[in-house]
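We just call them A, B, C, D, E, F and G in the order they show up, numbering each chain from 1.
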Amino acid sequence: MIILNALVILFLGTGLVFFLGGAVGIIRMPDFYSRLHPVGKLDTLGIMAMVTGLALYNLGHFSWETLLVSLKMMLIVFFVFLSSPTATHSIVDAGIRAGLNPWSKSRKD
Amino acid sequence: MHWQIDLFILTLVIVCALAAINVRDLLGAAVLFGAYSFLMCLLWAIMGAVDVAFTEASVGAGVSTVFFVAAVFQTTRRSKD
Amino acid sequence: MKRIGLIVVILCGAVLLYATRDFPAWGDPASPASTHVSPHYIEHALQETEVPNLVTAVLADYRSYDTMFETLVIFGAGVACFLLLRSFGARRREGWYVRHIPTGVVIHFRKRPRIPHSRFFERLDTEWVPHDLIIMTICRILLPFIQLFSLYVVAHGDFSPGGGFQGGVMFGASLVLMAISFDLRTALSRVGERILALLAFLGVVLYGGIGVLCMLLGGEFLDYSELAKILPVHAEEARALGMIGVEVGVGIAVTAVMAVIYVNIASAGRHDEGL
Amino acid sequence: MEQLLQEIVAKYNYWLYIILMMIGLYAIISKNNLIKKLVGMNIFQTAIILFFISISYKEQATIPIIRNAHGPGHVSPEAIQATAYMNPLPHVLMLTAIVVSVATFGVALAIAVKVYGEYETLEEDEIRTRIREKIK
Amino acid sequence: MLEHIPVLLILAPLLAAFLVTGLAWIQSAYCLPLALAGLLGSLLASIAALHQVMAQGALSYEMASWPPPVGIELRIDLFNSLVLVVVSAVSLINLVASWEFIKREFEDRKETFLALYLLFVTGLLGVTATADLFNLYVLLEITSLSAYALIAMGPSSRAPLASLHYVYLGVIGASFYLLGVGYLYIMTGSLNMGDIASLLPAIWSSQTVLVGFVFCLVGVWIKMAFFPMHIWLPNAYTYASMTASRVLAPLMTKVMVYVMIRLMLTVFGAQYIFRVLDLGPVIVWLAVLAIVAGAVMALVQRNLVKMLCYIIVSEIGYMVGGAWMGNQAGMTGSILHLINDALMTFAVFLAAGNFAFKLGELRLENLRDLFARMPLSSAGFVLAGMSIVGIPPTCGFFSKWYLISGGLQAGQHAYVAALLLSSLINAILFMRVVEYAYFGEVRTGHGHHGGHAHGGEMDEAPVAMVACLLLVVASLVLVGLYSESIVSGMIQPFLVRSFV
Amino acid sequence: MDPVVSVRPLLAVLVSLAVVPVLLSSGGRPNVREAWTILAGLIKFGLIVSLVPGVLAGREFSLTLFSFAPGADIALRVDGLGLVFALVASFLWMVTSLYSIGYMRGLAEHSQTRFYCFFAVALSSTIGAAFAANLLTLYLFYEILSLSTYPLVTHHQDEEARKSGRKYLAYILGTSIGLVLPAMILSYNVAGTLEFSQAGIFGAGISPAMATVLLLVFLFGFAKAAIVPLHAWLPAAMVAPTPVSALLHAVAVVKVGAFSIVRVMTGIFGFDLLGSFHLGYPVAIIASVTIILGSLIALSQDELKRRLAFSTVSQLSYIVLGVALLTPYGAMGGILHIVMHALGKITLFFCAGAIMVATGKKYISEMAGIGKRMPLTMGAFFVGSLSIIGLPPCGGFISKWYLALGTLQKQSPLLLGVILTSSFLNAVYFLPIVYKAFFHGPSGGKGAFSVTKEPLMCVVPLLLTAAGSVVLFFWPQLFIDLIEIGLR
Amino acid sequence: MITFFLFVGLFLCFLMCFSLYRAVVGPTVLDRLVGTNAIGSKTVVLLLLIGCIYQRVEMFVDIALAYALLNFIAVLAASRYFHKRRGLYEESPFE
């Protein structure tokens, strides 16, 4: 049980770190394209880690029902893995179509 | 029990609401309106109203914002206030 | 206007704050709201309806009459959007745009072109309509999942959060997603306007029909326990079944109406390629 | 002061809903843009929903779905305590209210699209000048 | 089937609305008969309900057979059975009268329009019949939603904007009402009107109840266009399609007045309102303001329909003032005027619709020589106008009698003065129209024998329109002459418990 | 008084209303239309005459049509006073119909069908007002009369007519809605009934101040009686065709106003109450002021119809004055004056109309010498003048005699003086017209009259009424009996 | 463990502030979109966390799943807007 809890805490911690990175990135990055990096990648990863952690925690009182719930959680991860990059892709596409130029060091905003 | 999260989210909701009505771009308002609805959904969930949260989730993420964007698409993004 | 607004708002706020002083504290289990009628729902709903989700039980049984009109509101919104925006007249157009899908080249014709009906060409209304393989593929993968899940939400509404409305909105959202990822015309060619209207009609008629059926069987309007007379179950289960039937009706209607509203707003009623 | 503070803490949900509602109301009344007003309208409605949901909340209670209703070890109907579950009634009411607000929102957007088709703008003052011009 | 009458009268138009949408795609020729059948069914059911109520007291219908505080109850007593009959009759007659309009204005979408119209009527009937505060809200929203769309479909280019303004205020109104219901719920835990009424006396002193009441009231006021909140009404009804404004103008505001009186008498009780709160004088002054302002604004209008709309605003003031007079005569007058005003407004809008059918826009200048062209419609218009002015034996006089009587009994002389002033202004308004319509310059000078040979050939509106108008006008006189039986047979027995 | 339920009063009211659709449908055929009008007039008069023996025998015909509130039904009741008024009005309607044919055809007026229809409606409501059993019914018919005469006043449809119509309605409707209606409701709230009764309805439940206010409000509220500050509509309404002025502004409209005041004073307040609160005298003073002022203004008018109008203003207040004396003779004189003045004044109006038709002249100054061309008309004019002045052998003498007796009974020399002064003024403004008409030649060459023939349809009625005026001097007994029954 | 979840939740809420900052401040609509997207992804996790706090996670997982499925529709719609409507004027909030 303790091991499981420790694992859960580890996962959640990892997820939080990812999210923190994402949050910092979204604040600090200079332009929209670069901000998409933390959102697109780190948040997805964060979701994966945290949901996995919670799924593990849920398995603590093992039964078919909890297993089902944990499976659903993993399904969430799966869908987020599908949808989040798509969303990111479409935003980037939109940025390009809209005529937003990427940031470069030479040009100061 | 978890009034901390509740209060936190409420504050965010208010900020979001203020931003949504003050932003000078209707598409931005639409997007912020989406964020507002996410936060609202969280709020319902925290207060134990799961069905309401579910409704808000499906409506806010699924259709409401999209209607908004579609309407903005058919009209204009410009807003003087 | 700004000043009037501010005055009104401050006045209203002051009145509301004034009234709040008499409220029972937040979350007080002994408040009148928690002790007068609601205990009946909490303590008897499972017994009387065999539905563990109290919200569904109250929504679809104790206050089913409300819910019928809630569906009607949605239905009315669909009808209203159709009535308001739908325009059957053809738009004046400047030339025809056709895209050759494999190359992505858009061809502009002055007069109406004669193009063989094939899946390599696609009619466009504006100069450029995104044709994004990634998005289309992902959506093609996700759509069945969303639809399946929404059916699950409708059906499982008795036991977990969800129900007809939520499921219906999700299904409707899946249609919207289809319209966004391809384009509106494609989506409409799959699920046409007529079908949507028929679905909306079917949904509300299912709800109303169950109610009337109960009435014909000798009970009050929407008294599902009367369904036990024609179903091989006892009265409580009949209530649960009635609720599911009703929820399905709500789901169908909501699905159709959400799609109708989106389609009409996104194309301003012209039903072209839309957003 | 102490008492006031306690009162504020005990009912902060109610206070904050008022703020939210006032934001919405202000937007409806004062904003110049027709769609902005709609946003305000939605905020206004959610504020009321928040109020109702706050009513339904109970300390030490869980979500209004009966635990272990079926299957092995299921709870006996007599054992269900009213205090153990949140009040489901406001949730039901608010489900309806949300539906109503979505429907109204949809219709209002449709009307706004029509208005735009008529005047090519969504700003009230501009529309007013257009109308005046048209009359002249 | 007799015990199902309360629900049948709501279901009839509802099912008709469903079937109309279904049929619209298959065989649109059946839509109108179906809609008419639905409305007729509802009319018959409401007459049956009225009959039953008069014979055996209030009907109660427990929806889904759950007893009232748990489930939803429909309750039909003397008061709302009367309103139900009026609502269903007006909507039926209007549909008959306006079909030509619908055909003209909504060629390819008339079935949809019909469905929305039926939904609107369903909502109104439901609002009137229900005994559950929240259910009332839901039905109110159905009504409003369909009203928004009906208004926005108007032929005028300003219709959508007017409708959108109505949306904003309507939503504020409905939300305020809902908020008030929430405040009552938080204090009592119930939504059933009767149940709340029995729980309230214990907490009369609570500020929350007071504020809840005020918010319910303000919400209803916004919906009924009580004076400072009336800004949506004139534009909305003027630019709406005539079919819509013909049914909206007489019914929407009146049903909201019904809701107000229902809240006052059934939910909160006259005791609370007039003894505990004593808000009466303040609100009567507001009503005075409404009456005067409505009348004065009507005076400056050059558009016939807009003028009528401001008259409605002023009439709302009559009813609110009468209801808040705090005595039986005032309340009787208010209720009687509710019925009468619905009929009067309906008649006058029917006539205006007939004019609009032939003339298009109804600016006062366009009305020249109308009498020669449309003698029957004009005659109907004049009679309806007489009723609004309050000339006996039309019904307007008799409700004014009670209102003034109530005002005098309560010592509200300002109200009486305002009422008389507005009657005079109404007289001026209608006389102005009559002058335009009947007594324009004689174009051909002297030398003509015979009656109405001037100003062109007779060009009357379609038969159905004129027949409906004449029917309603006849009912104005009949209701006026039989108002004693309405008052002593229905209104006073209903009020007898409230004003001891 | 034994009450008898009878539909005859209702029929008498409805006859002229029932003829309206017939008139409408015969719009294109003037002969048919006018035949119907006269037929209806005959039937109406016959019905009313048929009520006379019953009333003289002490019966009271009554009929309740609709009940509204206890004591305020819509009901008809025939008593002496009402019958007197109804007799006069219905008789004169017939005569006027005859006259209208001559007048309207003579001037080729437009919209004649409308004219006849509203005329019939107006007569219905006049009879209704005469037979009203209570104040509510009276008010009902009073209002219908106001509205139905509006189209008659505005008949010419030119700017002046519309203006006059506006003025007419503003005065009449304004006062009836603004003053009578609240006063009536207040009375009902105080007394609980509006049924006319000789003892009054208030009993002890009213304070002197309130009674005073109510009486004044009623007095001015029935603006058709043209009490002085509210008389301006009457001269303005003279733009109407002459038959309208004749019947409505000498008989129906103004007399309904005066009659309503009589009813209120006799039936609502009752002489006892008025006497005990000393309310008769102020009313008499107000009436006196109107009498004198009306006569004085009449003196200065050059247009014949306007002079007649102001004369009417003045004469109407005789009725009020008579009743306000609160003495049997005074009341008798006042009510008798309804009859006498009606016959006299209608003769005068007919004459004015006949002159208008024959010569197109409207102004007195143009009428010098006209008596030689139109001897019959001007002879009738002379008789009418005598009646108004109150000289024998004309009916006016009888009523003024009673009035004078009333003032003596009241021991009020001032009021007697008022009556005498006014009679003198009447003489001053009428007799010169007659004198000039017969004894002056047309002034200058341009005043030559183009038409010499007096239209038959105009002359016959005016001779009839003039003769009636003379007849009433010799046989006034029927009316005196009826009024005595009515006042008992 | 519940307390831990509570704090994790609070921390997530705290992180949400950053995303909200981006959503509120912009400067372009696309930035707002990014911020909203980030809020959405955190919401999914928070929903599950709340479920765990209530110890009824099986009731919340459906909501989270629905969220995960629907979250990107709005984003797709908004970016689709830019595909078809050119122009992207920058504006600063709160003026």
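Keep in mind that, in the parts below, a contact is a pair of C-beta atoms (placed from the backbone, for glycine too) under 8 Å apart; a residue touches a chain by one contact, two chains touch by 3 or more.
This structure is a prediction, so every number in the text was calculated from the model and none was measured.
Enquirer: Where the contacts of chain E and chain G overlap, which chains show up?
Expert: C, D
Enquirer: Sort out for me whether B-G or B-C is joined by the greater number of C-beta contact pairs.
Expert: When B-G is set beside B-C, the one with more contacts is B-G.
Enquirer: Need the most distant chain from chain B, centre defined as the mean of C-alpha atoms.
Expert: Chain F.
Enquirer: Using CA atom averages as chain centres, what separation in Å is found between chain A and chain C?
Expert: Those two chain centres are 29 Å apart.
Enquirer: Between chain A and chain G, what is the gap in Å from one C-alpha centre to the other?
Expert: Here chain A and chain G have centroids separated by 11 Å.
Enquirer: Suppose each chain is reduced to the average of its Cα coordinates; what separation in Å results between chain D and chain G?
Expert: 19
Enquirer: Compute the distance, rounded to whole Å, between the mean C-alpha positions of chain E and chain F.
Expert: Averaging C-alpha atoms per chain gives centres 43 Å apart.
Enquirer: What are the residues of chain C that contact at least two other chains?
Expert: Residues 16, 20-21, 23, 31, 33-35, 37-38, 41, 53, 55, 59, 63, 66, 70, 73, 76-77, 80, 84, 130, 135, 142, 145, 153, 160-162, 165-166, 170, 173, 176, 180, 261, 265, 268, 275.
Enquirer: Return the residues of chain D touching two or more other chains; collapse runs of consecutive numbers into ranges.
Expert: 12-13, 19, 25-26, 32, 54-57, 59-65, 89-91, 93, 95-96, 99-100, 102-104, 106-107, 109-114 - these are the residues of chain D that touch more than one other chain.
Enquirer: For each chain, which other chains does it touch, given as pairs?
Expert: Contact pairs between chains: A-C, A-G, B-C, B-D, B-G, C-D, C-E, C-G, D-E, D-G, E-F.
Enquirer: Can you check the complex and tell me which residues of chain B touch chain G?
Expert: 1-2, 4-5, 8-9, 12, 15-16, 19, 22-25, 27-28, 30-32, 34-35, 38-39, 41-42, 45-46, 48, 50, 53-54, 57-58, 61-62, 65-66, 69-70, 72-73, 77
Enquirer: Taking the complex as given, what residues does chain C use to touch chain B?
Expert: Touching chain B: residues 53, 55-56, 59, 153, 161-163, 165-166, 169-170, 172-173, 176, 180, 258, 261-262, 265-268, 274-275 of chain C.
Enquirer: Show which residues of chain D lie in contact with chain E when the two form their complex.
Expert: The contact residues of chain D facing chain E are 25, 28, 34, 37, 41, 44-45, 48, 51-52, 55, 89-90, 93, 96-97, 100, 103-104, 107-108, 110-112, 114-115, 118-119, 127, 131, 134.
Enquirer: Write out the stretch or stretches of chain B touching chain C in their complex.
Expert: It comes out as residues 50-51, 53-55, 58-59, 61-63, 66-67, 69-71, 73-74.
Enquirer: Using the touch definition from the top, list the residues of chain D that touch chain B in their complex.
Expert: Residue list for chain D touching chain B: 12-13, 16, 19-20, 23-24, 26-27, 31-33, 35-36, 39-40, 42-43, 46, 49-50, 53-54, 56-57, 59-65, 86, 90-91, 94-95, 98-99, 102, 105-106, 109-110, 112-113, 116, 121-123.
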